[in-house]
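Letters A, B, C, D and E mark the chains as written, and numbering starts fresh at 1 in each.
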Amino acid sequence: MEKEFLERTSLITYSAENYQKNDYDTISEIILTNKTQTIEWLNTYGNKFTEIFKTIVSNNKLDDFLMKLFMNQEHSNKVILLDDLVFISTRVLITKSEVLDSEQMLFVVSSSYLWSIQEKDGDYFDWIRERLEGNKGIVRRKKTDYLLFLLLESIVDNYQETYQRNAELSADKLNSTQIKPTPEFTSLVEKRKQELFNFKKATLSLRDTIIKLEKIEIDNFDVKYFSELKEQTNNLISNIDFELQELESKINLIFSIQGHRLNEVMKTLTILSVIFIPLTFLAGIYGMNFENIPELKFKYGYFILLGIMILITIISVWYFKRKKWF
Amino acid sequence: MEKEFLERTSLITYSAENYQKNDYDTISEIILTNKTQTIEWLNTYGNKFTEIFKTIVSNNKLDDFLMKLFMNQEHSNKVILLDDLVFISTRVLITKSEVLDSEQMLFVVSSSYLWSIQEKDGDYFDWIRERLEGNKGIVRRKKTDYLLFLLLESIVDNYQETYQRNAELSADKLNSTQIKPTPEFTSLVEKRKQELFNFKKATLSLRDTIIKLEKIEIDNFDVKYFSELKEQTNNLISNIDFELQELESKINLIFSIQGHRLNEVMKTLTILSVIFIPLTFLAGIYGMNFENIPELKFKYGYFILLGIMILITIISVWYFKRKKWF
Amino acid sequence: MEKEFLERTSLITYSAENYQKNDYDTISEIILTNKTQTIEWLNTYGNKFTEIFKTIVSNNKLDDFLMKLFMNQEHSNKVILLDDLVFISTRVLITKSEVLDSEQMLFVVSSSYLWSIQEKDGDYFDWIRERLEGNKGIVRRKKTDYLLFLLLESIVDNYQETYQRNAELSADKLNSTQIKPTPEFTSLVEKRKQELFNFKKATLSLRDTIIKLEKIEIDNFDVKYFSELKEQTNNLISNIDFELQELESKINLIFSIQGHRLNEVMKTLTILSVIFIPLTFLAGIYGMNFENIPELKFKYGYFILLGIMILITIISVWYFKRKKWF
Amino acid sequence: MEKEFLERTSLITYSAENYQKNDYDTISEIILTNKTQTIEWLNTYGNKFTEIFKTIVSNNKLDDFLMKLFMNQEHSNKVILLDDLVFISTRVLITKSEVLDSEQMLFVVSSSYLWSIQEKDGDYFDWIRERLEGNKGIVRRKKTDYLLFLLLESIVDNYQETYQRNAELSADKLNSTQIKPTPEFTSLVEKRKQELFNFKKATLSLRDTIIKLEKIEIDNFDVKYFSELKEQTNNLISNIDFELQELESKINLIFSIQGHRLNEVMKTLTILSVIFIPLTFLAGIYGMNFENIPELKFKYGYFILLGIMILITIISVWYFKRKKWF
Amino acid sequence: MEKEFLERTSLITYSAENYQKNDYDTISEIILTNKTQTIEWLNTYGNKFTEIFKTIVSNNKLDDFLMKLFMNQEHSNKVILLDDLVFISTRVLITKSEVLDSEQMLFVVSSSYLWSIQEKDGDYFDWIRERLEGNKGIVRRKKTDYLLFLLLESIVDNYQETYQRNAELSADKLNSTQIKPTPEFTSLVEKRKQELFNFKKATLSLRDTIIKLEKIEIDNFDVKYFSELKEQTNNLISNIDFELQELESKINLIFSIQGHRLNEVMKTLTILSVIFIPLTFLAGIYGMNFENIPELKFKYGYFILLGIMILITIISVWYFKRKKWF
């Protein structure tokens, strides 16, 4: 267990002038709270090493409430301010595959060290490691506040791209085919709504995390960077809300089309029935076998009746025209 | 009464070094506000001992507004900050049986003692007593703030598990059977919505309690632990909201299916009627008994009419095809 | 006028040791702001004595904005903090009769006196007068803050009981009779919703009053008691909201049942029509009087046709079965 | 222009002891910021005198942002706190005529002067001028804060009365005639909703103005009076919301009645069709002209068929009775 | 690149006494943070000059987080407070053409300089440049706070005019033609709703920007002007909400008209069917070919039957009249 932990853990130490990448041989070597001016970024893949986490907390004299927090492996998004550090937990969407998967990500941050614990292997942070190593941008001149900002920005960017990709897929499915008033189409729209609610829930939760980060107060920890992230999540949420309103409009249209079609169908049936029912009745009258029906013996009885029928038809059609039924 | 109270009351005294479990012989022995560094956890099963509660309040010189509060045995969720203690009342779901039952739970908490009063026998707190006795975790090193956190966490966990279990049951009932546009199915969905509203009401109320606890200010009472609980309740509420939105989608689908089926039924009826009504009318015409209907005497009159009827049918079918009725 | 006012006004003076009940002979005797350690509770039945109220305000040198406030006899719920007193106005439901009536109640409160002005005779406060006279509970040891708490608690309790009684009546009317998809039943549900909106409006307004009281700052006036009242009104509001959601579900069910019944009716009509319309057409064909219809002369023509008709019927029924129409 | 302005402008100067009404001869005479203990109330009818307003601002050394504000003649409701004065703009409903008209009203207020600029001639403030002149009530003893309170109270009162009058008119139109499920009635309800949204918008905007006034901080300017006004607008808004919910109920009822009527109509049609369609088919059968239909030659064939028809009818009726169709 | 940047960049320097318009020859000349009392307004058309922006930030020793912000060319609306400057990003609607287009606009503002970066050529700011050059109004006497106010006011005004123009167009399309219960009309209404949601999103975002500006604290930067802008956006939002509610009413009316028309159509069909179905059945009875049907031989059988039919018709009509079907 200890060996596996050490293999999956690595440290980056940096300052404006220096950059160093280390691995550890024993757990007791892991000292986060050293007095030097450098920044320590410790990264661990895997969140199951509960006992080792506790040892590190104890060795480094970190707030012991961390021990309780590490015992739970299913955190929702949280920001908990402890003695002179902040514990952050967030669920991150993994968006390589089609299906939305997610992983737990934990950060323990003070002004001089940042410890990131990721549930699964691999991350979106390699571009940050490159900037650190190559001293690109301003990251080496800044503290852990800026490093945390870059890590969270990777996550937010990833959400944004995922949403964009999904939205285009959905637009294809729901637009290219025109709105159809069938349960199947309604079902597609409602499924997309569920997806969006799900995505909105994740984004709202992430924004909450960022808003809480904006308000924490730790010495030498600057929170101004996080307002940039808050705006990005707000923007994403308002895009989701807008698509939700479009879908609501589609539902309204579906019901309107259903109602309209029913009206059309019933009008067709009714017009035809109103015209033919009286005519058929008249034909029935003169199909009766009474011995004494005088009209049957008229020479032009049949033709007079046909004339009357044509007249009735004309009157019916005129009546419907006047009522604007067609 | 006094004897029953004493039987149903017990005390746990602990500090980082010591642990002791006591029972009392007389009420006057119950001293919560002693000056020692130990923590006292007094637990009583039963909330009907109003007069004895008042005696304890008076003996220990606690805020006398507690007397008024103990008189009421039907509290909703409350957090009331008194002189140097806090009075907490919460209704807790009892989830052993199928039916949702609940019990009243009261806590009187200062930085050095915690008095829990439970309406009914039995609780979910045995794991805490074990941790205290066995000195597991950090509970013995902490004050009543951490003990209260553990007690409330038991309650929140219990809500979470109960919701999980219920949600699975409901998913089986509402999903395995496909959506049916019947009042019976609508009724099932609406019943589940009622259940969820009920559960949400209980959880919102619990969250309110926790939020208020986060804001109280008592000397030596640390509220940082409660933000962990707040996140857990928030998470539960957002799960409930998500299921509520799924149910709302189901309702929309039901109405859409009803509308669609009605359209299908009416289209069937209308197409058939439109085709046959004119044909039947024609048959009626030549079933009349006029003495002078020339067509009847044509040699191929019958076959010509059949031809005309086939023509009318073809035209009708073509017309409906063009209108995309089927 | 002055005589009537004096008859309808009485004073209770109390402290932990003493209790006294007085009537007045002249208005100039009414001194609220005396320097003694006792609490004065002045009660007036009737709010029309505008001029006398002004005299009292002037004699006692109270904030002269009270004069303006007394001129208006139709206050909505208000809490207005004046120099060293607070003016409270609230509409209270009178719930003796079936019909919901209400009365105006005004309180002028400082830390040493409380003046209650009630629009109508009679009140729910006799139990408080008894506790004061008999020195029960802690009321005599407390200031006007606690007295005001007891007065408002009477009002809140009364709301709660009234709601409970109404809710049971309504449950009988809307449940015992099962949900019927008629306008009459819909109308009953909507009427109950109106009642609830009305009741919720009154309760929200009362809660607002209590929340404002929680925030006022007057020397020697403790607002901790009011959080207990706020929780009680919150509880009542969440009960009302829950019943509102139940009614909304009933409305949804009504529309679902209407839709379902229409579908059932139309399916019955359509199935029958689809089966019989072609058969009737066939019968019509062979009821025609053409001289040359060869089939009519076949020996078993009639029986062959009956066989064809039975076949058509079987095919139709099989078709509807396959489409799951019944 | 200047002459017109001077004609339409007048000044009231008052203190507890004095009251004076002035007109001006030149613009340079208009000095608002004199050092005396009196209160100046300057009133102008007409808001088009932009250049003159600027001169007054400049002469009196008022905050020069006022110049920018006076240039705009179409303000929405605003409260803008400037150096030592407050600029208030509000649209006031003019409610003499049936049609809702409105006018712009501007106030420039410091603790010692109040300048009111009204778009149109005439106002509701004559009762205030009378109270000032006759030294009625407490207005002469108070500062501009109280004068502003009285001016705004006139406006709020006017809203309240207008709403009351409108609501009664509408109740007559929508209640006396019972709810009818026609587009015309729906249209009436929706029009009333539009009216209410309009009115609510105006009132919300006015309340916002008052809430902002409650929070401004100017020396010697007391904001306690404005909470009285806030309560009045809150009360009006909750009355509007209540009527809106009543209208929403009416809409639900309309749809329910439509659904119910359709069900009734379709049931009538279906029952009749189900009964007669088979009977008519049978009659058609025996109207056929096959040479060999044995039943036609039975002596009592006709009567047996009639019996069968009556039997079928009875069975149909019994079936519908059992299905509770009527 | 550098040449293009210099061509598209220009500076206006002003104070109460002076006004000067400059172009630059090299980037190193661009000094924003000079110590003089003048105000610098630097304007750049084009946001792609990332590297040059970074050079300017570095030359002027501005907060280096600006470099990170300039790298992103797709900002949503943001206000980020940096060391002694504020970074503002806003998307501005371009409203010359029919189609809504937008451009990115960035402002870097301290108390002594304002740097505006516009994505596209051309702007609405020429009237401000004229006021600066001609020393009209108070702009030359004020700091960058007032200049920023004027720039944002141009944007807000533009939104307001655009909305006004759009609303009139839409009113023409949706009103002049009366409400039609067709999917086409519903679709028009829903499209307008989408437009409004879009516009509301843009306006809400702009208001957020302004609200954040109201709260920033920079030395010598006065935020009082921005409350004027906030009121203007609030007013626009409440106009949009009002139109949204009108459209919701239209949707309700459409469904009500559909329901009403369906009822009318079905009533027509049902009345006609109910009258003729029994008559046609009777005619069918006496069209049967039984050898023994006594009524057929009655002398007045035919006329008696006609009488009975007229009677049945009268009874049916009377029945429908009584049921108020027409």
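Here, contacts are C-beta pairs under 8 Å (C-beta built on N, C-alpha and C of every residue); 3 or more make two chains touch, one makes a residue touch a chain.
Quantities reported herein were computed from a predicted structural model and do not represent experimental measurements.
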Taking the touch definition from the top, what connected groups remain once chain C is excluded?
one piece
Which other chains touch chain A while also touching chain E?
none
Fitted rotation between chain A and its twin chain D in degrees, CA, nearest 5
145
For chain A and chain C, let me know how many angstrom lie between their CA-based centres, rounded off.
39
For chain C and chain D, what's the span in angstrom between their mean Cα positions?
24
Would you please write down the residue numbers of chain D that are in contact with two or more other chains?
255, 259, 262, 266, 269, 273, 280, 284, 287-289, 293
Once you draw an edge for every pair of touching chains, what topology comes out, line, ring, star, complete or other?
ring
Within their complex, chain C touches chain D through residues 64-65, 67-69, 75-82, 181-183, 186-187, 190, 193-194, 197-198, 201, 204-205, 251, 254-255, 258-259, 261-262, 265-266, 268-269, 272-273, 276, 279-280, 283-284, 286-289, 293, 295-302, 305
Which residues of chain D touch chain C in their complex?
137-138, 141, 224-225, 227-228, 231-232, 234-235, 238, 242, 245-246, 249, 252-253, 255-257, 259-260, 262-263, 266-267, 269-270, 273-274, 277-278, 280-281, 284-285, 287-293, 325
